[in-house]
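Since the structure comes first, as structure tokens, the remarks are kept for the end.
Each chain gets a letter, A, B, C and D, in the order it is written, and its residues are counted from 1.
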Amino acid sequence: MERHDFAKPGEYTLADLMTVAASREVNDNEVVFAGTGMPMIAIMLAQRTHAPNLKLIFEAGTFDGRPNVIPTSVGDPRCEGGASRASGLCEAFSIAQRGYVDLGFLGGAEVDEYGNVNTTAIGNYLDPNLRLTGSGGNPDINSFARRTVFIMVHEARRFTRNVSYITSPGWRVKKWPSGEFVHRRELYGSAFRGGPSAVISTAGVFRFDEDTGRMYLDTYHPGKTPEEIKGLCQFDLDISRVKGETAPPNYDELHIIHEVLDKEEIFLPKPKKS
Amino acid sequence: MERHDFAKPGEYTLADLMTVAASREVNDNEVVFAGTGMPMIAIMLAQRTHAPNLKLIFEAGTFDGRPNVIPTSVGDPRCEGGASRASGLCEAFSIAQRGYVDLGFLGGAEVDEYGNVNTTAIGNYLDPNLRLTGSGGNPDINSFARRTVFIMVHEARRFTRNVSYITSPGWRVKKWPSGEFVHRRELYGSAFRGGPSAVISTAGVFRFDEDTGRMYLDTYHPGKTPEEIKGLCQFDLDISRVKGETAPPNYDELHIIHEVLDKEEIFLPKPKKS
Amino acid sequence: MSSQSKRITLSEAAEIIKDGTMLTFSGFTIWRRPCALIFELIRQKRRDLHLVEVNSGPHSEFLIGAGCVKIWESCWIGHELYGKYGANLSRKVKNKEIIFEDYSHAEMGFRFLAASAGMPFIATQTSLGTDIHNPEYDMLRRAGLRNGKNPKIARKKYETMQDPFYGDGLQILLPAAKVDVAVLSVQQVGEEGTVRIGGQFFTDPEVCRAADTTIVVAEEIVPEECLRTEPRLNTIPSFQVDYIVECPYGAHPTGMFGYYDVDGDFIRNFYMQTRTQEGFDEFAREWIFGMDHTAYINKLGVDRLVNLQASRALNFSTRVKRGQK
Amino acid sequence: MSSQSKRITLSEAAEIIKDGTMLTFSGFTIWRRPCALIFELIRQKRRDLHLVEVNSGPHSEFLIGAGCVKIWESCWIGHELYGKYGANLSRKVKNKEIIFEDYSHAEMGFRFLAASAGMPFIATQTSLGTDIHNPEYDMLRRAGLRNGKNPKIARKKYETMQDPFYGDGLQILLPAAKVDVAVLSVQQVGEEGTVRIGGQFFTDPEVCRAADTTIVVAEEIVPEECLRTEPRLNTIPSFQVDYIVECPYGAHPTGMFGYYDVDGDFIRNFYMQTRTQEGFDEFAREWIFGMDHTAYINKLGVDRLVNLQASRALNFSTRVKRGQK
């Protein structure tokens, strides 16, 4: 029996809340690109709830998969469960560049007010404080998909005025060789299809004004306040459009996350019993 | 028991002679592109005689095939017998452009002294006497392979001073936009790997001087003379380097052609008994 | 598009292809061509089609002979050993009744590869020095069609540039081959659109993705779950297919790996008969008009179809007579 | 190369890769990486390697930690959920002990696609507006290596141009990723070189063709005729492979579809231990030096390998512990 009433504080973790919020970004029938971890669970959750006909793409080369067992990464044999086709990365990115992709889920170490994201290096690129993984498919999915959703840890140093390095293009990006900032639409021409649509952080859910390209607070997670979240951003966060609290998981969603998808607790440990 | 002694006139057809001559152009271990018909039989003959390790490519997408039954065309399911891989045309031409191909067999309606070949239209391209098939893969294989061998009917109107339309590039080709003739090497840059290596006609076998790019008579088929062949060319054929008669098929080759490869007489009817 | 709603009839599929559509097809020369749908287009008197094809064959000779085609853009048309060239195209070129644009085979393949990857152009060195690149022979420009009005017709036939990276010399930039509709004739399609092609897949994945709309005509529509147990054997993923049609012998007279061989006699007779327009019209009266696909295969008859039937073990027919013996 | 002569040993394979080689690999992040051959390269003290990779992972962290790598050109290095980033690369970047060049993932894929098709460059619109295209961040130019002396290093990191065909706007032209040697870790290779990869093939066909020399390290060398009954299941044709090595567990600690899972504990321990150079050196003494591949898998032990073994039905291990439960 499905239970669609909301769980109470203590019955879910912050990660559960974020996963469910991410899952709700997916519409039925959309083509969705997913990376490893929380995004993968969010999409597989959507597949089992409100978006049974979404088409799941893994960039390593699996198309329209319906895995029963959560993959450890997008290269995992577990990706291919129920898939329409398995091939390779060039086909995945060709499909993306061709415009088939509606939505992509991504992560980041830093984000600025315009949704520019850094996953490459903290500090001066040429002499960094910390070299990170590099781009991976982050800029590619963000360039090609109609909407992208970022999932991030919320700390003031991460919600920064200027990211150290623009790995993934937001709404106002650099035009080379000068490096002046221009609206994304100006640069992408006929390939412009959209851009960052939401950021789901450990504090709240943020959206973007397409015209100004600026981020604003949409909902705050239970226990947080808009003012507190504004204080956790180096830029001047617009909190004027806030709608209220982020909706918590319902019992059905929690059941699917913990008893169906990640019962091994690979990515999402169960809430500790108090 | 294999019989390597030569067959006598009347025991083989002109098509048999040409097929065997084509087959002898193949060296062992080479990667060879083949089209439908006589070239296909020539390569499959070489595979069964002096070049057992040749790698046969069909441009529709079959690689290193060892068909037991002669295909009707390169798209035929029969192509895939014993093949290393079956896929598609973009892979075939990518492999060719990447430089894997040693030899290609091609046909033509007209050829000039420099090995430029026409398979597109006879007469003025914009107002032709006869529109033909068009290029197919002829220019592509001829652009990419180290050597190409053309198999043609020998008539004076076909061995012409200027082909109506250069479908497939010989040793001296047109540099656009002016259309002036230049040596192929000049145009192809680092992609230059060679060019037309031989023409096997119904009259003889012709080769090319790589420096001048000009065709010369190498061998004449039994019953023909160099002077007669020179008379069957609109250009001034160099017959000074002729070596002698084209070697006829041996009994083993005839057996393979007629009793193994084309026993259905699809492409090569058996010699009529006198 | 949600599951289960992709199935349509042959006649509905033909209606999706409007007058003036830029159209391409599955297959290779005389193999896996969507002839049943093409006959239906002819019955529906479609006009002004712009065919953009990696290579052509009997299927387009049907369309061209019937006067459905305004522009033929490809590299080759013929019938392999069953007919030396495309007699209908040839006649219409001579009579200036069709616009033709010639590229090479690799060029057409690469153009579709670019379109399928969302790239506006692609670089190649094939066919350098040939008349394919003769600036006077840009036929769409001569016809005034490279004016940017049709967003899928490139403003130039090709562009040249020197390789700026490795000194690899002169490169030809070719425009992506963008089309409105691709029609694929294949062995199996799942209810949700997953395509499994048997044998060589030719350029089917590329032409599918190059098109805005893809219609798959399959010998059999099969349950998705059958195909999804082995995703590596599938050729095209579900979401790239918009409409599916079940149509046994849908590629006849061309061949279908694992199902039936090329009907060489049919094609040879077509070629011989349609070297005049009168001959074509007679052919069309006999084999196209006044019947549907069911009537067509019944007219072919059981003996003929059994004869063409592919061995399940070998994937081709061991019964069909291909040569003089 | 004639048949039957392609088989060599792991040690011979490593000797083909000289100091300074431009090198690439099969696989994806923590899957199908040729680790056994990489350990052998480290034992042979190879130096100044230039890695050009679609994406990187533990295999390159081994090489980089051991000081074998002069240049790392890719888009990503890490261990998925077993380690947040490449600690050895990170340390060497901080200490300026390595030259790094960043592209995006699609860019690297397309660069190999171009090289595999003999195209000197390819057009894309990905990553427009990012610092990947910051002209100051062309690191090979900064290192003075874009001077044309190495014919496989492009004279520019990228070039821009406007689409001349469809008005599709600004395009990035990326140089083909040309490399000297590709090393592939796969499930099965035939005696003549035909490769059959199980599961997703990632970018293996492209990196194979991009290289001048390809070495395939397979779990099993199998009779060619077994593979040639189903050519559609094979991934790479015979003649694109120069050398073959049989090496069971040749990808450990990365995973192999159908054979064994990723050894997450091994990789997590490696990541934690090698966040300092001293830690790496200790790891190398324990797991690389003073042993060969046979000794290595014996050191892993039967229990560990049985635990990782993939189910023949599911292609992954049902025994391995991946999470907290």
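A few notes on this one:
We take it that a contact is a pair of C-beta atoms (placed from the backbone, for glycine too) under 8 Å apart; a residue touches a chain by one contact, two chains touch by 3 or more.
Owing to the predicted nature of the structure, the values given are computational and were not obtained by experimental measurement.
Comparing chain pairs B-D and B-C by the number of C-beta pairs in contact, the larger count belongs to B-C.
Inter-chain centre distance (subunit A to subunit C, centres taken as mean C-alpha positions): 41 Å. Subunit A and subunit D have Cα centroids lying 27 Å from one another. Each of the following residues of subunit D touches two or more other chains: 110, 117-119, 124-125, 163, 166-168, 199, 205, 232. Residue positions of subunit B with contacts to 2 or more other chains are 62, 80, 86-87, 90, 93, 96-97, 144, 191. Chain contact topology: the protein chains form a pattern that is neither a line, a ring, a star nor a complete graph. Touching chain pairs in this entry, ordered by label, are A-C, A-D, B-C, B-D, C-D. Interface residues of subunit D facing subunit C in the complex, by the touch rule stated above, are 110, 114, 117-125, 148, 151, 154-156, 159, 163-168, 171, 173, 175-176, 178, 198-199, 232-233. By the touch criterion given at the top, residues 36-37, 59-62, 69, 72-80, 86-90, 93, 96-97, 120-121, 125-140, 143-144, 165-169, 173-177, 179, 182, 184, 187-191, 262-267, 269 of subunit A touch subunit D in their complex. Of all residues in subunit D, only 27-32, 54-55, 74-78, 80-81, 84-86, 89-90, 93-94, 96, 100, 102-107, 109-110, 112-113, 124-137, 160, 163, 166-170, 199-206, 255, 257-258, 262, 264, 310, 314-316, 321-325 touch subunit A in the complex they form. Of all residues in subunit B, those touching subunit D in their complex are 28-29, 31, 53, 55, 62-66, 80, 82-87, 90-91, 93-100, 144, 191.
Residue ranges on subunit D touching subunit B, taken from their complex, read 1-3, 115-119, 190, 192-194, 205, 209, 224-225, 227-228, 231-232, 234-240.
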